[in-house]
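Next up: some structures, all given as structure tokens.
You will see subunit A twice below: alongside subunit B first, and alongside subunit C after that.
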Partner chain A sequence: MAEPLQGTVIDKDATPASEKADAVSVAPPESPGSVWTRRIIILAFWAVVATLGLPHWIWTTSIYRAELPAEQMTRWSEGHACDLKYPIHVALETGSLPLDQLKAIAEKTENTLNLDNGQSLFSFQISALDDHHNATHERALTASMQQQSTSKAPSANLLSMTPTLELTHGPMDSIGTDNLVAFLVNELQQIFKDEQASITYLLRHSPFHAASKGFNLGTEATKAIEKRTTRAFKYSSTYHVTFSLFAASASPSAWDIEEALRQYIKPLLRQLSTVSDFQIDTQVQLFASFSPSIAGPQYDEATNSYKLLQSDLSGFINAAEWPLSPSIGSGPTLNMVLYIPGPGQTPLLLETGGNSWTIPQWGGVQILNPSEKQAGRLTTSDLEPVMLTFADQLISLLGVPNSPPSLAMRIASLKRERATSLILSASSTLGALNRLTRKLESIAIPPSVATSVDETISHLEQACSNLREGRYQLAFENARTAEAEAEKAFFEPSMVGQVYFPDEHKVAVYVPLLGPMAVPMIMSALKELKSFRQAKVKTS
Partner chain B sequence: MAPLTSLFAFVALLFAFAIATHTSNWAVLVSTSRFWFNYRHLANVLSLYRTVKRLGIPDSQIILMLPDDMACNPRNSFPGTVFNDKSRLLDLYDDKGQGEQKGMGGIEVDYRGNEVTVENFIRLLTDRWPSSQPSSKRLMTDDRSNILIYMTGHGGNEFLKFQDAEEISSFDLADAFEQMWEKKRYHELLFMIDTCQANTMYPAFYTPNIIATGSSAKDQSSYSHHADQDVGVAVIDRWTYTNLEFLEARLNGTASDVRLGELFDYYTFDRVHSEAGVRYDLFPGGAEAARDRRILDFFGNVQGVEVDDGDAEDGSWREDLEKLKRFVEIAEAEEKRMAAKESPSEPASAQDGSIAEGRQKSGRPARDMAKGGESWLKQAVGVGSLLALGAAWVVIK
Partner chain C sequence: MKLRDLLQLSSVLALFTLSHASSIPNQEYSEHLYLKPLANDHLHADFNFTATTPVADYDAQHFRYFPRSLAQILQYTHTTELHLRFALGRWDEEQWGSRPRNGRREGGTGVELWAWIEGQSEEADERWSDLVNSLSGLFCASLNFVDSTKTIRPVLSFEPEGTHPSGSGGSQLLHGMLPHEVVCTENLTPFLKMLPCKGKAGISSLLDGHKLFDASWQSMAVDVRPVCPSTNSRKDECVLEIQQTVSMALSIPRSMRDRHNPIPRPPPIEEIECDDSKVWNGHDTCYPKPSTGDLGWSLAKVFGRPIKGACPLGDADGAGDISLDVPLERTVEAQGSASSETEPSGLRKFSLQAATDFDVVLPRQDTVSSSSSTHPPLYASRQMTGYGQERGGMHATLRNPHPYPQKIVYLESLPWYLKPYMHTLEIQHGNIEKMFYTPALDRVRGTHLELVIEIPADSTVELNYDFEKAILRYTEYPPDANRGFDVAPAVIRVLPRNVSDPADGNNQDEYLRTTSLLLPLPTPDFSMPYNVIILTSTVIALGFGSIFNMLIRKFVLLEEVPASPLKTKVTMLKEKIAALLGKTSKKGSDTKPSEEPGPAAVIDPNAALNGSTDGSALTNGSAKLRNVKG
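Here is the complex of A and B:
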């Protein structure tokens, strides 16, 4: 349709103009039909631009930004979404007391404990253990009460492998219920005091700090907790543990590490396997030399020994030459290093005494001065003290708290702490993601991020309610999933834009592209508008 | 009210970070130019690499980006070497040492050639990688990590060119640091850049805990230090040379206590021939606190160590472990019994109930497959199909 029209326009325009160019200075009036044709053509071009070009341009240059639940994310990151509480279920069990009396003791103990710190994080729920106890919550501690015939002051002993407090007391009529309750209250407070302190410390600098107001943290306790948290690795679902034997000379060239690990380390890691997975590697390196950047051992004549200076301990690991690179796969590596000094430098001692030290968030180092018979091979019994120290370093590097003196309780306490810190970390990641997506407007947000965020929030909510119900294993697992999902959302690989384009760049790109096309279109549109207006003025 | 609360939260956060110490050191060393005439940029970066390695940062915590390989360049009249001084005493590429003293050995390059791109650099900082990215090529830092970022190449006002093909702007860099800070990926960060108009790269930064320093002011060039007539090109830039001069002379070991302020004061106009700049205002405590930081807090891998207090606990530990062992034995016996009940024919595989167990199990499918292949039916099918194929071939022929 356009072609014949155009043809007529050219014909009508061209022939009269060339013939009468000299005679008349003004072109003959166009027929209204041809004027309208021209207008329609111009309009058609503009219509193409507006209906095809513009949407296409917007479509190809816009960035997909999935809708994120900003409000919920903010609620979590500001700590309003969950009121953290830690109910501690303690069951009283006895073979000697009647159930009524036991229940009375339980009730009194609970009241006294919760009266003392009604505002605090930890609330105690004490129940007398009978046959039909409900299994909906985990029991944090079982207090097993034994009555003895001789009357003496009550005493308590915490079992190390199970969360059980063995309590012995004299006959009820001689000791009295109140005294027993007071004793029990005191014991329970002592057991959970440190954990309460460390969770308070965790929450104090977080947006969830409102929950921790009830507990007063002394400076001494703060320092101790700070030291412990500095030392411990960040939580990971997998840890690699590398045991390395570095010998300065050619011997000992072997160690019975398999057997030693089986005896001393694996039982421990098995207990910790509810928190994380562990992968163990071992290696032996001979002729390991010191790094040139440390002073090295100094001979001390008084004791006829070599002393390693305190200032050298941090540079002791020869990072350039000792093959201590991290293990393949996800998760951090805990390095356990046993160093055997060469024959010319024995005995090698630390300036400060002791023979082992811990490098925070890296691992533990030990020095063993071998005896004559240990020269060739270190047997399991030679390795026993070494492994005990490693075990000690290992649990402190994994963040297991120092108290109470029961391993089972310490691991349970670790689980509560880790659940808390994972919730905090996931919430803070949500907040970071939320702020970031608002601040960087040109960054793409793929739908997978929105899915992960939803997942994070739902798991966080579950973790929170589990926590408040006292189901700590579940809370921990949910918090772990939430944290992993939050990390996945934040570190979404496609969320890397070449973010910043200066305006000059945009001009430089668009002008050569659009300029030649836009100029005639705009000029003709203007011209036509002008003539349209003039025509209107004339006719009116 | 809301901004006030968030300000309080922010101050509290700052305080929390300020009291905490760092536990690991990372270095990101980037050269952004290739080709022979840019020899000096690679020498710059390798010099810094040598320094941080010398001061104890392990290779696993150094991310080295080298766009070209000068040692193997056909124009190099000393093949297999890179020098940063015309004395050619120190081979940065493969330090074999001199006489008695052992050298530091070779270098570990994490990103080479075409991998040195703006995108990869931003990804490295923000840790946005597909899951296949090996961990040795990632910056796995946390809120207890101090990071040294050193960049060198050709740049201009608010940008640094990457490999003649693209450029990173100071705004991109600032946003990347913001993302790192939001995700708590650094404790403190020292940003160093040696390029023309280097000081224009850091005014755009807006995240706390950064100290930034550059070699030259706006509209100033950064100059090379000297050329080696036999190598044929300039071997090092002035500002980097000044840094090295200081670090080599003053930091002899991991015990030396030298402050950042002393290093910054060493950048005089006489030495650098341009106005080196430092930005302190992002750092909590400002210039005073920043200048008082130990150089080793960024260039070395020095953390506080804790000497264990003897064997005070050993006794109780031994007891605990003994008990643990018994516990594990009981649990294992129980498991064995259960396994025996469930499948009486199969011997229990859990010999030591350890982590090795998992590996043994994972090794099993391969054997099973081999076992499955022994069945006569499968073999008959295999022979049959071979015969059929052979027949078909003969027939068609």
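Here is the complex of A and C:
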């Protein structure tokens, strides 16, 4: 049985509710003054929190985020900022034809070439070379026409060391301008076809693909380009090239590498020095054993030789024991390895034939079976075939295109390709940086990043305009700077090394510290708000 | 094929004014092993590998015997001379005599590194930092922890071993020590990789991490120095020399233990020679005789394997790849040696043969060989004194056993958290001739103290100073903070005496190092930050909460206190349950069905009238209850 209630409780500003309130003592009603004093006190506390505490908290916990040109970055990453076009300047020169006729041929050729694919990446600008031609743009090719009295059909020959097409044709009256133009058009298209294909391939899956719509890339060509690009190193302004002689036994322990390099490798690298710098080092390593993970050479009785299985080629390099560490300094290292099998394993051949192979994006390997007289020291003449193979491997590892046959033009073509891929890479880095800074609100953005981004954008713009003007060396250099700046911005150490300050930590620090203060303040504020509202309702 | 043609063409076209510089055949490689039995059944083995390269080849980065990985680091950091030491254990000077190679190829416990680097002070500092970081990667050691606080620039303690061109005064000497580093197999592997024969042939085939790091004392050293015919010779006459040294003192019984059963156990009873003179000797009791004479050992047994033939790169005619320093009367059997030679002093020299295993066997011999250990130049020890977490003292004892006075350079590289009071520095029985002192800066650099002390003949010099222990920041403590902090050994250079005694042959300066020390620092309780947070919160809760409540509360008499809504609710619930219980009990006793408890509707008007607050609703609720009961 419940006891009757001793006293009923009455709210402080409510009137007595029932007649049974006889036993209840009620506190005297508060004077409005004291009510207001309390309200002011609470308000004062909140004011301190809002005017001092909150700004102080924000000020001490905020991080510096530099302003980034987000809109421009997006434009670049989405490919709207630059419309990639590759004007190709070809100059016609001749000793025999009058200038008027030459100009006519040039104009006709240009019209025909640009008519065929009006919206393509490459636009040809053919000019007749006279004495006072303007040298503002780079000449991609000089067609030197020579008239011969006897020859009927025109023929062309591309020089290897200079971008010159030697064209011989019969007398103008017999061959006719149209035929000559048709021949020239065909030649030029052939020369630039592969490059156009590879640039189209580069742009195909990038935001800049709009520019490459005009060119149809066949599956065969795609495969060839894919093969070439996966083999090549990523572009770098400096490459280290290490030539290593690995001998399975104690000999040969010497090679005339300095002379061999001077004769066979340095001329090539001098040509490539407009694209990258090369630093060469060489080493001799003895007692090089195979890595335990490969099956090793198998004796083949039929040929009385040792065969290296195809499956062993990828694991041939004994990374654990062979000192092939990358060189110090920036830039990747291309490893050129010459392996001399031990006396018990000669001749060592590959199962598939040949004696050399390339390891994509790492280097090239060659096996040399020494003769008796080569046992102690490899001379320059011994090294000649080795060095020529190394040169071939070097070219393919650096991503130099396989055609046209002129080395000078291949390097020019490489420059255009590299400029394009650098622009693409810098743009996508900008996009990534933009997304990163938007997604991670708590990441700090130091002012150096903003400067780098500005640099990147200005260099990208310059590269783009240089490209459209046909100044490929400048475009390439600007793109290189832009890419380096973009990488610098993205990998800014103070941004990458974000302090690990997890949310749990914040809870663990803030709750015990602020909880005891916040709870009474919030409760009192709510209560007072409630009573204030009630009082208002009552008076109204 | 086309490319080949092109290349040849271009190479022909290219003009070269430079004539083909024929590679000078001063690329040499030699190796040597020195063995000497020590007192107390120990064996001293000293491996030395020397390779040279012409400076021209070095500059053009053509490497043959010189390791490419190290050379590139030296070039990148403009280091002209490098000395790197990995050491473990202690050389027992009292028993074994003077230190091998006069202590010039050993370092303090852990890792020690000093190098001459080109450049002005700031530039040199940067290159030094690059150097230690690169070497750290190359040797798998924590050398990257040699930062500015552990780097000093000694003035008197070290002198370049190589010939530096007289014009280049821009080289700076920097020195760093890591006493805490534990030297182990991962440091030996890169060391062996730098050798031309890679531990697969030659004396380096003996080097095995299991034995090397099991030694009582071992020291690995890498020394790179330029060697020129004279100081003013042209640069292309010079060669760069790299010396790799491994020196160790092995306990012979310990290293001859069965590898598969390494736990020491007493040998079977049949193999023990019992001492019959003891009265308790019986068929089941054996008192082993103390071993006398020289222990039998062989290279294959001590090192676990024989030498796998010669490393066929060195000069083949140079007999003496291996020298064994034993008395003349000691029996020595060599297997697989190309030539051997015995000197009157008893020193045996052997040369190796390619592709033939070589071993030296010294059978057990009862004649006690007179171990003629020479006195070291100096005995040095250093201890920490004092107690408590605030202060301490350093006490170094330097004893000169020779009948002539000696001059030494005493170098201390102290961490910044050990702050010496220089006014307390005092020396007894000797005198300080010169002093170089660089005071420490907190978290920037450590103390560098160099003293030139003259030690009188046959006397002991004591060096004392007090220091204060700093309190580190919370994050500066290592995970094992209570272990203490290692203080690098003091390096003592005994200067060559002016009066050179031809009998002594003691013209070169010698080095010795004290042991490293453990400095206990005041260590905080690492849960402290959280305790601080909790304590602060409690104080704030108490202080702020009570003051705030006092300010905003209204004070009423106890009986005037309005009941809290929660309390009334709980009471209501209680009463409901009580009512329910009461009803069921009533039902059980009185079978007569009672009237419907209609008054549920009775109270509603009241509640609707002024049920605006909880309090009044409660009043109504109790009224209702009473009504029900009534």
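Going forward, the second predicted complex is superposed on the first by the 448 of 540 C-alpha atoms of A that agree within 3 Å, B and C clash if a C-alpha of one lies under 4 Å from a C-alpha of the other, contacts with A are read in each partner's own complex, and residues count from 1 in each chain.
One rule holds in what follows: contacts are C-beta pairs under 8 Å (C-beta built on N, C-alpha and C of every residue); 3 or more make two chains touch, one makes a residue touch a chain.
Just so it is clear, the model here is predicted, and its values are computed rather than measured.
Visitor: Return first, second, both or neither, reflecting whether A:25 touches subunit B, subunit C, both chains, or no partner chain.
Guide: second
Visitor: Could you tell me if A:515 is touching subunit B, subunit C, both of them or neither one (first, second, both, neither)?
Guide: So A:515 only meets subunit C here.
Visitor: Thinking of the overlay built on chain A, is A:264 touched by subunit B (first), by subunit C (second), by both, or by neither?
Guide: A:264 contacts both subunit B and subunit C.
Visitor: Based on the superposed arrangement, let me know which partner A:311 touches: subunit B (first), subunit C (second), both, or neither?
Guide: first
Visitor: Contacts for A:286 in the overlay, against subunit B (first) and subunit C (second): which applies, first, second, both or neither?
Guide: So A:286 only meets subunit C here.
Visitor: Between subunit B and subunit C, whom does A:49 touch in the aligned arrangement: first, second, both, or neither?
Guide: So A:49 meets neither subunit B nor subunit C here.
Visitor: Go through the superposed model and pick first if A:350 touches only subunit B, second if only subunit C, both, or neither.
Guide: Only subunit B is touched by A:350; subunit C is not.
Visitor: Of the partners subunit B and subunit C, which touch A:393 in the superposed model: first, second, both, neither?
Guide: A:393: touches subunit B, not subunit C.
Visitor: A:444 in the overlay: touching subunit B, subunit C, both, or neither? Say first, second, both or neither.
Guide: A:444: touches no partner chain.
Visitor: If I apply the document's touch criterion, which positions on subunit A are contacted by subunit B in one structure and by subunit C in the other?
Guide: 160-161, 262-264, 267-268, 270-271, 279-280, 289, 321, 325, 328-329, 388, 391-392, 405, 407
Visitor: Which of the residues in subunit A come into contact with subunit C in the complex?
Guide: 1-2, 4-5, 7-12, 14-15, 17-18, 20-21, 25-27, 30, 34, 38, 41-42, 45, 160-161, 242, 250-251, 253-254, 256-259, 262-264, 267-268, 270-271, 279-284, 286-287, 289, 321, 323, 325, 327-329, 388, 391-392, 395, 405, 407, 508-509, 512-513, 515-517, 520-521, 524, 528
Visitor: Which bits of subunit B are touching subunit A when the two form their complex?
Guide: Its residues touching subunit A are 9, 12-13, 15-16, 19-21, 23-24, 53-60, 101-102, 104-105, 118-119, 122-123, 126-130, 135-136, 142, 144, 169, 171-172, 175, 178-179, 182-184, 252-255, 300-311, 313-314, 316-321, 323-325, 327-328, 352-355.
Visitor: Considering the complex alone, what residue numbers of subunit A touch subunit B?
Guide: The contact residues of subunit A facing subunit B are 160-161, 205, 207, 226-227, 230-231, 234, 261-264, 266-271, 278-280, 289, 291-295, 309-315, 317, 319-321, 324-326, 328-330, 350, 352-354, 356-362, 364, 385, 388-389, 391-393, 405, 407, 428-429, 432, 435-436, 439-440, 490-496, 498-500, 502.
Visitor: Can you name the residues of subunit C that touch subunit A in the complex?
Guide: Contacts found on subunit C: 2-11, 13-14, 16, 20-21, 23, 27, 57, 60-65, 67-69, 72-73, 75-76, 134, 138, 193-194, 196-198, 200-201, 311-313, 354, 530, 533-534, 536-538, 540-541, 544-545, 548-549, 551-552, 554, 556-557, 559-560, 562-563, 568, 571, 574-575, 578-579, 582, 606, 610, 612-616, 618-620, 622-623, 625-626.
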